[in-house]
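In what follows, subunit A forms one complex with subunit B and a second complex with subunit C.
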Partner chain A sequence: MKTLITSNDQTLSSTMDKRLGRAHWFCIYDEELKESTFQINPNIDSMGGAGTKTAELIIELGVKKVISGHFGPKAKEMLEKFDIQMIEVDDDNITIEELISRLNQHSN
Partner chain B sequence: MTFKIAIASGKGGTGKTTVSVNLYKCLSEKLNDNVQLIDCDAEEPNDFLFFKNAKIKQKEVIQQLVPKIDLQKCTFCEKCSEYCMFNAIPIIPSAKYANVNTSLCHSCGACSVACQFDAISEYPVEIGVMRSYLLPEGDGLIEGKLKIGSPMQTMVIKETKKYVSDNSQIVLFDAPPGTSCPVVETITECDYVILVTEPTPFGLHDMKLMVELLNELEKPFGIIVNKAGLGDNETHQYIEKEGFELLGEIPFMKSYASDYANGNLFKNIPPEIEKTYNNITKKIVSKMNLK
Partner chain C sequence: MPRNRRSRKIVAPPRFNGYKPYGYKKHNEDPVELLYEEYEAIKLADYKLLNHQEASLFMGVSRATFARVYENARRKIALALVETKEIVMVSGNSYSDKKWFNCIECNTRFTIPSTINKNECPLCHSVKIETIGT
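Up next is the complex of A and B:
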C-alpha cells in the first residue's frame, strides 16, 4: 500500500509540509517495498484549486493514505469519494523519516 | 457625461459606507437629485439601512453559467481540464471520473470550446441578488448581494453594475474593503477614487496598498481621513510627503459613531462634520466640472 506525505523538501530528513495543495514536495512511500520516492508538486503555483488538483494526482497515483497538516473541503470531498484515508498531523517539526517509522510501527 | 466615483479603502471599517451615504445626500441636494449610489460591498451591502424610507423598485436574481459534463459522451481526454485556468474540472481517466467544481468555476466558457465530443453543456446557478431602491433623495440606490456560500463576489459586482443608469450626473460606488478582484471590479470604470482611511498604523498600511493599486490602474484619487484625532500622525505625514490631495478630515466623535450604529447617521450630524462634507461636496463638484 502506498502513502503520500506532503514534504517541505526532497529528502527523508525534510519536515512535513502542513499544506496539501501548496506543499513543496510529495513523498510517496510504499509500505510493502519500504521504498520512498519524492516528486515535486506541479500545482504549487496554481491560481486556485490547488487542493483539488492534488487530490486528482493522489487518486491517479493509486495512493490509499495521505498524511498532511490540513485537508481543505474540496480536496477532502474528492479523497472521501475515492475512499482515501486522510491523516492530519499538527506538528511543524516532524520529519518524513519519523512519519514513515510511525507508519511501519502501525502496520507491524 | 456621468462622473463615476469609487469610495474605497484598503482596511475595512474606515468609514466607506459613512462617507458614501453622506456624500450621496449632500450631492443629491447640490445636483437636483442627479446622483446614484451603488453598494458594491456584495458580501454585506448595508447602505440601504441608513435610508429609512427606502422602497424596493426592482429585484433581480444574478446567475452564473456553469458547465455540466455528460459522462456518456465524455472520453476523459482532459482537454477541458487543461483549458480551465481555475482548476475547476477534476478528471481522473483511470477511474472514468469527470466533474465540475462549481465553487471554482468562473464561467469563462473555455471548457465548452475545448470539448470536441459535445459532452459539456451549461446551466445557470444563482450567485446573488441585485436590488434597486427608490430613496426620498437622489436617483436611488442599487446594491448587489452575494448569495451565502458563493465565492463569486466579483461577478455579482460586475452584473450589478449593469443596472446603473447613465442618466445621473454622478454615480457613487461604495467599494468592498481590501485591494483584490472585487475592489478592482468596482473601481475599474471610475473617473475618480475617494480613499477613506483612519489615522492608525493599520489604516496607513492598507492605504499604501491601495495607493499602489490606484497607481497601477492610473486612477486619480483624493483622501479622506476619518476618525481624525485617533491614532497617530503618520498618516498625515505620509499624505503630505507624497503630496496627495487631502479632501477632508472627519473628526472622531463617539456620539456620531453611536448614531451610525443605531442607523441614525443623518440625525444630529455635528456641525464640524457637516462642514467637512459640504467642503468635500464642493471639491467633488468642481472635479466633475473639470472632466
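Up next is the complex of A and C:
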C-alpha cells in the first residue's frame, strides 16, 4: 500500500508541507517495499485548480493514503470518491521521517 | 497564505444535487454553486427556526461566521431565483459528522473510506477516536 506525503523538500528530514495542491514535493512511501521516492509537484505554479490536479495525480499514482495539512473542498470530494484515506496533521514541524515511522509502528 | 478555513459541520448533506428552473426556455450556462454549509445554514435558521447562536453551535463555527455563511446562502438563492439560474450543490468547506474522525491521542484528523474496515487512527493506531465536532 502506498502513501503520499506532501513535503517541503526532497529529503526524509524535510518537514511536511501543509498544503496539498501547492506543496513543493510529494513523498511516495511504499509500505511493502519500505521505500520512499520523491517527486516534484508539477502543479505548484499552476494558475488555478492545483488541488484538483493534484488529486488527479494522486488517483493516477494509485496511492491509498494521503497525509497533508489541509484538504481543499474539491480535492476532498475527489479523493473521497476514490476511497483514498485523507489524513490531516496539524503539526508544523513534523518531518517526513517521523510520519513514516509512525505509519510503520503497527505493521511490525 | 491566509488562515485555513475552519470546517463547518453539517448533519447530513442535502438529498439533491441541485435545482433547475422550469418554464424558462433559454438555457443558462453558469449555475449558482450553493455550498453544503450554506444549505445547512438555511436549514437550521429557516426550517428548524433556530437562532444564529444555536445554529452556529451545531455547525461548530462562531456566530459571526454562521451569519456570514447564512447571508451568502440567501444571496445565492435570491440570485438563482431572479436570474433563473440553476443551483448546483458543492461540498465546500464542510464535513459530515460521520466522515471525519479525530484521534484523541495524537490529534490527527482523518477519513475512513469504505474500503478500510478498521476504526483506528492511521498514524498512531489508537482506537481512541471520535467523530469531529461531537
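By our rule, the second predicted complex is superposed on the first by the 105 of 108 C-alpha atoms of A that agree within 3 Å, B and C clash if a C-alpha of one lies under 4 Å from a C-alpha of the other, contacts with A are read in each partner's own complex, and residues count from 1 in each chain.
Everything below uses one rule, namely that a contact is a pair of C-beta atoms (placed from the backbone, for glycine too) under 8 Å apart; a residue touches a chain by one contact, two chains touch by 3 or more.
Bear in mind the structure is a predicted one, so any value in this text is a computation, not a measurement.
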Subunit A residues touched - subunit C or subunit B, whichever exceeds: C
Touched partner set for A:47, first subunit B, second subunit C, both or neither: first
Partner chain in contact with A:34 - subunit B first, subunit C second, else both or neither: neither
Partner chain in contact with A:60 - subunit B first, subunit C second, else both or neither: first
Partner chain in contact with A:83 - subunit B first, subunit C second, else both or neither: second
Residues on subunit A lying within both footprints (that of subunit B and that of subunit C): none
Parts of subunit C lying in touch with subunit A, wherever the complex brings them together: 1, 4, 35, 90-94, 99, 107-116, 122-125
Partner subunit C, residues of subunit A touching it in the complex: 19, 64-65, 67, 69-70, 73, 76-77, 80, 83-90, 99, 102-103, 105-106
Residues of subunit B that touch subunit A when the two form their complex: 85-88, 90-95, 97, 101, 103-104
Complex contact set, residues of subunit A against subunit B: 43, 46-50, 52-53, 55-56, 59-60, 74, 78, 82
